[in-house]
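Given below, in the form of C-alpha cells, are the structures.
Heads up, the next two complexes both have chain A, just with different partners, chain B and then chain C.
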Partner chain A sequence: MREKSRSKKWVLLWLLPAVAVLAMFYIVPIFNVIIYSFSNTSFFGEKIGGFTFNSYKTLFSSKTFIDVIKTTGVFVLASVFFQLLFGFLSALAVVWGENKGLRISPVIVRTIILSAWVLPGVAVGIVWKMLLSEANYGILNYYIKLLIGEKIMFLSSPKWALFSVILANIWRGTAFSTIIQYGGLKQIPPELYEAAKIDGASSWKRLLYITIPQMKQMNFINLALITIYTFNTFDMIMALTGGGPGRSTEVLSLYIYDKVFGQWSLSTGAASAVVLLLINLIIVIFYYKAMKIGEISHA
Partner chain B sequence: MFKKQVLLLGIITLIGIFACAAPLVTSTHIGSHDAPISITWLALPHYSLQNPYENRQEYLEEAFERWVRKNPDVQVNLQILSGSIGQAMAKLLTQAKSHVAPDVAQIDSFYLPRFYDVLQPLDEFFTEDEVDDFLPYVEEGIKDSSGHVKALWFTTDVRVLYYRKDLIKNPPKTWDEVLTLGKNLKKEHPDMDIFLYPAGKGEATMICLMPLFWAQGGQLVDSKGRPVFNKGKNHEYMLNLLNFLQETVETGITPKRVTSYQGESDINQDVAAENVAMFIGGNWQISQIKDLLGEEGLKNWDIALLPQKKGNLASTGVGGWTWGIFTSDPVKKAAIVRMLNDVYVGSAGMYGWCSTAGYMPTRRSVYEDYAFYATNPWMQKFLAVMEKGGRPRPGFEIYPTISNELQIAISSVISGIASPEKALETAWNNVMQEYEK
Partner chain C sequence: MHNKKKILEKTLIYLVYVLISLFFISPVLWTLSISLRPLREVYKYPPKLFPSKIIFDNYIRVLHTSLLGRYLMNSLIIVLLTILGTLVLSVPASYVLSRIRHRAKGTIMISILVFQMISPLIIAIPIYGYFEKLHLLNTFTGVIIAYIAIQLPFVTWLMKGYFDTIPLSIEEAAMIDGCSRFQTLRKIILPLSLPGIATATIFTAIQSWGQFIIPFVLLSDSRYFPISLGLYQYQAGKEAITTHLIASASIISIIPVVIGFLILQKFIVKSLTRGAIKG
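Right after this comes the complex of A and B.
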C-alpha cells in the first residue's frame, strides 16, 4: 500500500513538467481568451475591460456571423463526407491490391495520396489557386474551355468558390482518412471473410455486413478527427480565396483571424474563438464516447 | 608530447585570434558585445541584416560598419518582425502597452496613429527645416495631435494607373474615358482583360480604390474618428465608386476574377502574359515589370494619375514604413536617432537605402539633390503624383473594421453577390454595430 502511494507521488512528480508546459501554453491562453470574450478589451486599452456579454450579443445578433457559421457548416459537412468516402475507397483499393499480391503499385498509390497530406496548407492553397485561375493562363480552365467553350469562374463566383475550397480540402484531407481506414481494414480478421465466402456471400454483402460494421469504431474516430481538422482549416482557405469573393468562403477560423488581427477587435474575436472551442469540445466528447464504444465492443 | 602541446597551443591561439576578430556587424548583432549602450531593434527581414536581397544586405552591412566605427560605445541586438503585418503590429502594440517593447521598431505608416501614445517624442533631434523636408502627408503623419514628431517615416509608396503606350495613346483621366476606351480595346482584343485592379480581401483594395472616393470629397471618418462613409454626400460618393466598379465588370473590360487579387503585385502575372492594357498598381511594380519584361518590354508601359469621376480631381493612396522609438532613455534615444539617420532617414542615408532597395524616399531633398532621383523620369513622375494628392488611410481605431467591410462590399458588388446599395448598407450596418458596441 505504501509502495503504491510512494510510486504514485513519483509519477505525479515526473508528470509535473509536462503539466506545467501544457498549463502555460494551452490552459492559460485559453483561459485568457475566455476572459477577453466576456469583456470589451481592445489592443488599444491599458487593461482588460469589465465583465460583459456584449461580445456574444454582438456576435449572435450579427447576420454576418450566422452566415459564417452556415458557410462553415457546408464546408465541414461536404469535406468530411467526401474525405470519409474517398478515404474508404482508396484504402479498399490499396488493400485489394495487396491481397492480389501486387507489391509496388499499392506503395505508389499510398505515397501519392500521402504527398497531398504532407504539403503545407498554404502551398495547397497557392497550387489550387494557380490550377483554378480564370485568366487565359489558367490550366484547368484552358481544358474546360476546349471542352465546353467557356470558362468556369472557380474563384470569383460565390458558389464555385465554395466548391473550390471544398474540393481542395477534400484533396488534401483524403490522405489522412485513407491512412486511418487502411489501418482499420488491416485489422479485420481474414477468417471472417473466409467464413462469409464459404457461406456464399457476394463481395457486396461482405462489404456491407463485415467490412463496414468492423470499421465502425475506426470510422467514429476518423470522423471526429477530420471534423476537428476541417473546422480549424485556415491556411489553405486563406491562400486560395482569402474568404472571398465577398464572404462566400469565410469560415469561422478566418473570421476569428480577421476580427483579431485585421480589425483588432479582440473581444469579438475572442468570443468567436470560444464558439469554435465549444464546437471542438463537443466533437472531442463524441470521439471519447466512440473510443469507449470501441473498447466495450472489443472486450 | 611536446608536439601535442605545440599543436594545442596553436589551436588555442587561432581560436583567440578569431574571437578577437569577431565581425562588428552580423545578422543579429551590431557593434562590440562590450559596448555600454545596448539597444534592441525590431525590423522586417528585408529591411534588416537578415535580408533575402543581396544588394540590400551589402548596403546595410557597409552602412552599419561605418556607423558602428563612429559609435563604438553602442551595440544593437536585432529582432525580426514576422508574421502578417496586422499580426506583427498588434503584437508590438501589446508589448508597448505592457512596457516591454524593443527600444526601436519598424511600424507600418498605416498603423502609426495607434502608436502615438506609446512612442517617444523626437522633436529635439530635428530642426524645423529638416521636418519640412518631408513630403506634406509624411510630415502630417509623423506628428501626433499636439504636433510632436513621434516617428521617422523613411519610405513611401504611391498608387498610379499603369497603361500600355502601344495600345493607349492618351491615358484616361475620367471614369467615362476608362469605360469608353476599355470597350473599344475589348473589341480589338477580345481575349484580353483590359482594366485590372485589386478587389480581393486585402488592404491593397482599399489603398488602390479609396482615392476614387476621396477625390470626390468623400470622407471615411470624421475628425473624431466616427464613421461617416455612408452619411450625407459620402453616401453618394461611395455609391458612385461602387457603381463604376460594377460597370467595369458589366461592360466586360474587367473580369470578376479581380476579386482574387489580394495585392497589387498579383496583377504582374497578367502583365507578364500581356493580358492587360491598364491597371491600378503601386510604384514598386515598375522594377517588377522590368524584371518580367526586360528594358524593351518596359518601354511599352507608362504611368498616369488614377482616373477620377471628373477630370479635375486628383488623389492617390500612399503608404510606407516608419521607425518608432519606445525607450525613454535619452542616451539610447540619441544613439538610435544617429543610427537611423545614418542608414535610413537622413538625406544621404535615405538616398542610399531607397536607391538600393527601390523604395520612394520621403524627403524632397533626396529627389532634388541626387541624380538617381532628379534625372529619373519615373521617380519624378511618382513624385508629381504623390504631391498632387497623396493621402494616407485614416489612423482611427474603427478604420480596420471599415476597411474589412468595404473590401467585402467591393468584392460582393464585382462578383454579383449584392447590388452597390445593398453592399454599402451591409458594410455600414456591420461597421456601426462594431463602433457602437
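Right after this comes the complex of A and C.
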C-alpha cells in the first residue's frame, strides 16, 4: 500500500511540469482566444465586456474575409495536390534507383530534396523572390522573355502573385511529402511485387494495384500533415509577397495577424483565429483516424 | 541485348535525378550566385548564370553593416536553451506516459497531438497579452519559454514513442538491484534512448532555427531578434539596391541549418520514415 502511494508520487512529480506548461500555453490561451472572439475587446488588457456574436457577424459579412477564405482555399488545395503528386513521383524515382542497384545517387537526390525542408521559411520566401523578380536579376523572367517575348509579372500582378506563392509552397512542402511517401514505399513488402511479377503483371499494373493501395494509409497521414502545414503557412508568404499586391496573397494566418497586431482589433482577430483553430481540429481528427486504422492493420 | 536495356534504364534514372535535383537546388543556387558576384553584375542585363569571379565582399559588408552576426548569436542561444528546456520537461513526462496504464493517459496523448497541430499564431495572440503583463515582451526569457512550449508537444510525443520500444524487463532488473526511479532513468533508460534524444534535439534545433511567428509577435527590439526575424526585417527595410546584401544574408541564415542537416541527414531520414511521424 505504501509502495503504491509512493509510486504515484513520482508519476505526478515527473508528469506535472510538462502538463502544467502545456496547460498554460495551450489550454488557457485557446479558451482565452475563444472568449476574446465573443467579446468586443479591441486590445489587450482592456476589460472584456459581455457576450456577443458581433465579431463573427462582422467577419462573415466582410468581403475581405470571404476573399481571404477563397484565397486560402485555392492556396491550400493547389499546394496540397501538387505536394502529394510531386512527393509521390520523387519518392518513386528515389526507390526506383535504389531497386536498380544504384547506391550513391539516390542518397544525393534524397538529401537535395529534403534540404528544402530544413530552410527557414523567411529564407525560402527571399530565395523565390529573387528567382521570380521582375528586375534585371530575375533569372526566370530573363528566360521567359527569350521564349515568349515578355516578362511575367510574377509578384506584381495579383493573379500571378498567388500562383508564385503556391509554387514556392509546393517547392517547400514537396520535400516533406517526398520523405513520408519514401518511408511508405520502403514499407511495402517486396514479396508482393515478386508475386505480381510471376503472375505477369506489367509495371504499370503493379503501380496501380500494389503501390498505390499499399500507400493509402501513409498518404492519409501525409495528407493531414501537409494540409495543416499549408494552412499554418505564415513566414514564407510574409517574406515573398507580404500578402500583396493588394490582398491577393493574404491567406487566413496573415489576416489573423493583421487584425490582431496590425489593426488592433482583437475580437475580430480572435474570431478569425477560432476559424483557423476549427480547421486545425478537423484535420487532427482526420489524422488521428488515419493513425488508428494503421495501428489496427499493423497489429 | 539485356545489357543494353539496363544501361538505357540507368541513363533514364540519372536523367530523372538531374531534373529533380535541379528543381530543388536551383532556386537556392541562384541566390548563392547573386551573393557571390560583384555589385555591377547583380543588375546587369542580361543576367549571367554564374559570377565572372567569385567574391565574398557582399558577405563581409552585410556582416559589418548589419546586426546579422548578433542575430546568429541570439538564435544560437535561443535554440540551445530551447533544446535543453524541452528535453528537461519532456523526458520525465514522456517516460511516465510510456509506463503508466491510467485512463488519463489517452486523453493526455490526444491533447498533445492536438496541441502539436495547432498553429502557433493562435496561441501567440493571448501569450502576447500575458507577456505584456508579466513584462516578458522583448526578453530572451519570454521568447525561450514560448519556443519550449511550441516544441514540447512534438518532442513529448516522439520520446514517448521511443520509450515504448525499450522493454520493461530491463528497468525492473535495475529496480530489483536497488536503483531508485531517477537512477534507473539516468543510468539505464537514458543511455538506451540516446538515438531518440538525438532525434528530438535535431528536430527542435531545425524548427527553432526557422521559427518566425513567436519572435515576430513577442519581439520589437532588434537586439533580441533571432536570425529568421532579423533576416525578415533586414529585407523588409531595404530598397531594391541591396539585393546582393539580402542574398548574402539569406545564405548566411541557411548555412548553419544546412550543414547540420547534411551531417545528420541519414539519421533524419531514418527517423522521419520510421516511427517519428506516427509516434
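Heads up, the rule we're going with is that the second predicted complex is superposed on the first by the 282 of 299 C-alpha atoms of A that agree within 3 Å, B and C clash if a C-alpha of one lies under 4 Å from a C-alpha of the other, contacts with A are read in each partner's own complex, and residues count from 1 in each chain.
Please note the rule applied: a contact is a pair of C-beta atoms (placed from the backbone, for glycine too) under 8 Å apart; a residue touches a chain by one contact, two chains touch by 3 or more.
What you see is a predicted model, and the numbers here were worked out from it, not measured in a lab.
J.: In the overlay, answer first, second, both or neither for which of chain B and chain C A:Thr64 touches.
T.: A:Thr64 contacts chain B only, not chain C.
J.: Tell me the contact category for A:Phe261 with respect to chain B and chain C: first, second, both or neither.
T.: both
J.: Just to be sure I read the superposition right, which of the two partners does A:Glu134 touch: chain B = first, chain C = second, or both, or neither?
T.: Touch partner of A:Glu134: chain B, not chain C.
J.: Count the residues of chain A touched by chain B and by chain C, then name the partner with the higher count.
T.: More residues of chain A are touched by C.
J.: Can A:Ser248 be said to touch chain B (first), chain C (second), both, or neither?
T.: It touches chain B, and chain C stays clear.
J.: Quick check on the superposed pair: does A:Asn54 touch chain B, chain C, both, or neither? Answer first, second, both or neither.
T.: Only chain B is touched by A:Asn54; chain C is not.
J.: Please work out whether A:Ser157 is in contact with chain B alone, chain C alone, both, or neither, and reply first, second, both or neither.
T.: first
J.: Of all the chain A residues, which ones make contact with chain B and with chain C?
T.: Residues 44-45, 135-137, 242, 260-261 of chain A touch both chain B and chain C.
J.: Where on chain A does chain C make contact in their complex?
T.: Residue positions touching the partner: 10-11, 13-15, 17-19, 21-22, 24-30, 32-33, 36, 44-45, 90, 93, 96-97, 100, 102, 105-116, 118-123, 126-128, 130-131, 135-139, 142, 171, 175, 179-180, 182-183, 186, 221, 225, 228, 231-232, 234-235, 238-239, 242, 253, 256-257, 260-261, 266, 269-270, 273, 276-277, 280-281, 283-284, 287-288, 291, 294.
J.: Which residues, counting only chain B, touch chain A once they are in their complex?
T.: For chain B paired with chain A, touching residues are 84, 86-87, 90, 93-94, 97, 114, 191, 193, 200-202, 255-260, 262, 269-270, 273, 275, 397, 400-401, 403-404, 408, 411-412, 414-415, 417-418, 426, 430, 433-434, 437.
J.: Where on chain C is chain A touching in the complex?
T.: Going through chain C, the ones touching chain A are 9-10, 13-14, 16-17, 20-21, 23-25, 27-28, 30-31, 34, 42-47, 49, 89-90, 92-97, 100, 108, 110-115, 117-123, 125-129, 132-133, 146, 148-149, 152-153, 156, 181, 206, 209-210, 212-213, 216-217, 227-229, 231-232, 235-236, 240, 243, 246-247, 250, 253-254, 257-258, 261-262, 265-266, 268-269, 272-274, 277-279.
J.: Enumerate the contact residues on chain A facing chain B in the complex.
T.: Spelled out, the residues of chain A in touch with chain B are 40, 42-46, 54-55, 58, 61-62, 64, 129, 133-137, 153, 155-158, 241-248, 258, 260-265, 268.
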